[in-house]
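Notes to accompany the following structure.
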């Protein structure tokens, strides 16, 4: 059985990734790919990896009815168009921040407010590792932010298992690629300015803090650096636990309890070879998250490393994964990509 | 129906790429992956993208009988072991240079001679676009070099159609990534030395000249530059034709006659978008070659651009493609990968 | 003795490089750095390497009289403002294309025409290696384009010495960095689109062809590729000489005759170490051009490699060099920078 | 007045940087550059930026007497040769770890022990910002490690001013380039393996922890990541102060008190432009450290960013700076380099 699917905002980076995934998915069929700017052009015009697709952008004004609508527009668009989206499709998967937070006040604090706060409770946060059951009947799915996703997935088992408490100090030091900022132009995204950098672009108060606190129930001190890659998000979480004697085996148990059956989580042991710990190159193009940890006894610290492809597990891949669950099909379908080795900046 | 396959020299870059392709191929099943150095270790130790494979390196000393043997060893190994390889398998696909050239004297000129020249005639050069019929019954397949492949595929239709003559001056200016040199260490492949370069590493007399001349029947003045990518080979061929009035439509006809039905050749028209001409990023991880041309009337010149992934169309992908043909199965099977967009250095 | 100097268009990449050089130059003193957009801001706002300079952008509307005016504006601006520039300064050094060509018709062919063609004869092309004598009394200096500069310098001795003829076929295959396109934004200069590429951006008919033909008196078939660096231009010239028996010693003689005394030309012999041939990393930040050649007897070809920093020898460094000569001071003053080793993409 | 200087281990990355600095230094003159491997070759063979230097490597066996000896050998060499070094020169500036730590037991804990612990007290740690007075009469100078230097300089004013206490939790999350590992080959430094990474290479227990604790008197939880640059070290320090109400003005006062007169420290305010916070590109090739901070009230955290060029402020530049002080000359002499803008990976 196949389901019809459209992508709103398909000419952006995330929109293109959705098209790549949908085209390779045996149970979704693309109905429309909308773009205001490129309407009438082939999708290969903006996404050279899709040159062989016989699909043209259509105007976002006329949405055909579909089984599922993937929305890859900038923040603020979904909340203003949600009625039209819901009319066109019974299931809406939103990749923006518009429906991620439950608490409307957080939209005032971190964004520019919210125009339909009554829908926030209805939305399901898109991480199957935490919300699989709710996703099964979800009509409005809000995929997590890339930085939040990589942080939440790294820390979740430690909270779920009760090893951490709300008082524990946790730092998340994030390194991300330039696709995160989207395809729009700015002087800071110019190749000559953006290449070769380690640039603190959100030292404090990054918007994704709100999601992390919502999903983990705890505060995480969050700092984001731009580094010289295009796709990829890596989190190094430094944790100072109140509880003593957190052994490696306790931590392994926590991670295995949470993720032992998860199809897209890989736990690494930190031993052997050049790629001992999670890093973005190894997950590029895949829906995997890789996670590893070390215990630093000198400093009474746990260090957790996690890495994702921000355009896959951090957005488009997460969206397809959630949609698979919502439609009751095998949740790994269309998501079994392998990364390349060796390769350059992801 | 499935066929058993082993990879000799599986811990190298090309060996790993073969494993990636074979694992995703519905009609080949991996029997052995040999490595002298890593025997007993998991293949994921060297190839992090294969971490989930339950496959350990075995010693190259004990080869089990298989339907097809892929050999990814350094030049010189295949010719010395060809008896053992042929005993283990009815079909040998060699990715080294050992059986590419028909003329034994060329091995004296460009390499260190040849130890079994009598086998050279038996081998079939691995490019299906030129040797598809011979590949169908081939027992020894010699995959082309990456630089030769990208050059030959760019120029072949112009010779086949008779638009070029043997007197025409042709320059092939090549730009390649660091995977071409293999995984072995040298000061020149150190990250600090190799990053950010445009380095003429083979100004003249590159070994691949011999293959190009063999396949095209004409001399090509060949120069290779190392640039800052890992996989990828791009050729810019500058052609000064003796024949006058070579119009765009004549050239298009030549390319379409040769490649109109080819599953892995994409002809680009040079119009529109940021990716108008062939470039390695767009073919990374795929078995595609992209080709475009322009006519420079001011200089009575034709410029042909072609780009491949040196590890795919330039070696492992070409090998699988040729093997598909040799085994009479759909030749595109296991090779329908898409590249990522956007992404960094391939 | 010091001379006062202003930079018009100082907030761009080349403008910033001029400021860097002028600040370190013992005999020039910066009077104004103009920028329409950033007027009133510190120059360190756009050029972080100049953070310690106590210098603010001023409006280009009010030019103070100075000894020399460096103009780093987009093509077309200089020709429209040349009266104001000449009023403000007795010596104008223009880094745009506006006064490079002697033949006004070439501006129709390659640009959008010219508004003051009568000045073209007066301008001196900025390469001291060719026009040193004329530069001594020049009032209007037109610095060469970066791609033209690297090509002209590589080929000039072969023409000057008479080793090449006007009938010889010459290909210049160029690889350049992203600073060449300037600081203005476009989708093609976005980091995610521009990273990791080997992109033919000017397959034929690049504007710099006109300069090259003017300076060498011969046609050069010219193709430009964008590669993953920020500054740097590398030319590989493939030459098919009509004259036979061009030996290495004849070529060395030609290069030494032209460049033996040149302070910024380095001839490399192609032997030893990892950096045997010219490459942009080694000249980054310097005013040097490095040149090497090989004779390819199999193909009756000469290959010449040359590399410059497009922002130094290819624009701002060339400008200071020419100004040094015009003011009769030691021509190497303020230009004795060394590159870094090791380092990444230049 | 000039002083004679030799470099031991001059063919390595740091050795080459010392040669670059010494050659441009008006008061030091190079006597010997030793290299066991390249003895007899020109220094330009390994360091292409020094091609114009008429200087050949000599054997380390025969040291001529000099005023100052710079030692850039791997850890363990200096302690075994210190007698010969001290015989050759009255002042030894060691860039290895051999004399950095005061406590011999730390060498047992973090290294392989120490063979002349009695000398440890005599050595002066090379950071002028902390040890300027002691450096004036120092005979044995131990330059700090690059990761330690960038961390110590970021945190030092907060401890000196008493704003932090020994109980405060501090995380230093470090990002470094590949020159840090030196020029020796390993599979992990291969371009194809090392490019484009964010790789946790020292999750815990990095040796530089010991230096940091010694210099600051407090524990810092330390984690080091390799990223895709060649030179550069960036530290993000996350501090959870016990003292409340640490305002921006208090912090500014602390930094200005410590660094207000420091010639190589730049304090950034985090406002304006694309380069608001410290980053390695902006300090590449210079002896500067850039520092900025933010207060994160939501998390009761201070974030301090600092960036250096690991080969300059993090080793060779620090060495020259310290030597300037030891010889009583202007301490900024020979160290007034500017970085390039724009440029690629440092």
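Annotations for the structure displayed:
Which chain is which? They are A, B, C and D, in the order written, and residues in each are numbered from 1.
The rule is short, and it goes like this: a residue touches a chain if its C-beta (ideal position, glycine included) is under 8 Å from a C-beta of that chain, and two chains touch if they have at least 3 such contacts.
The structure displayed is predicted, hence computed values, not measured ones.
Contact with chain A and chain D alike is made by B, C.
Two chain pairs, C-D and A-C, are weighed by contacting C-beta pairs, with C-D ahead.
For the self-contact between chain A and chain B, the two sides draw on mostly identical residue numbers; the shared fraction is above half. Work out the mean CA point of chain C and of chain D, and you get 36 Å between them.
Taking the mean of the C-alpha atoms as each chain's centre, chain A and chain C sit 45 Å apart. Within chain A, the positions touching two or more other chains are listed as 13, 177, 179, 183, 187, 192-193, 195-196, 228-230, 274-275, 342-346.
Within the complex, the chain B residues that touch chain C are 169, 171, 173, 175, 187-188, 192-193, 195-200, 203-205, 209, 219-223, 225, 227-229, 232, 234, 236, 238, 240, 270, 274-275, 277-281, 294-296, 298-299, 301, 303, 305, 307, 342-346. Of all residues in chain B, only 13, 16, 20, 23-24, 41, 44-52, 177, 179, 183, 228-231, 266, 272-275, 282, 284-285, 338-346 touch chain A in the complex they form. For chain A in complex with chain C, the residues that touch the partner chain are 13, 177-179, 183, 185-187, 189-196, 228, 230, 344-345.
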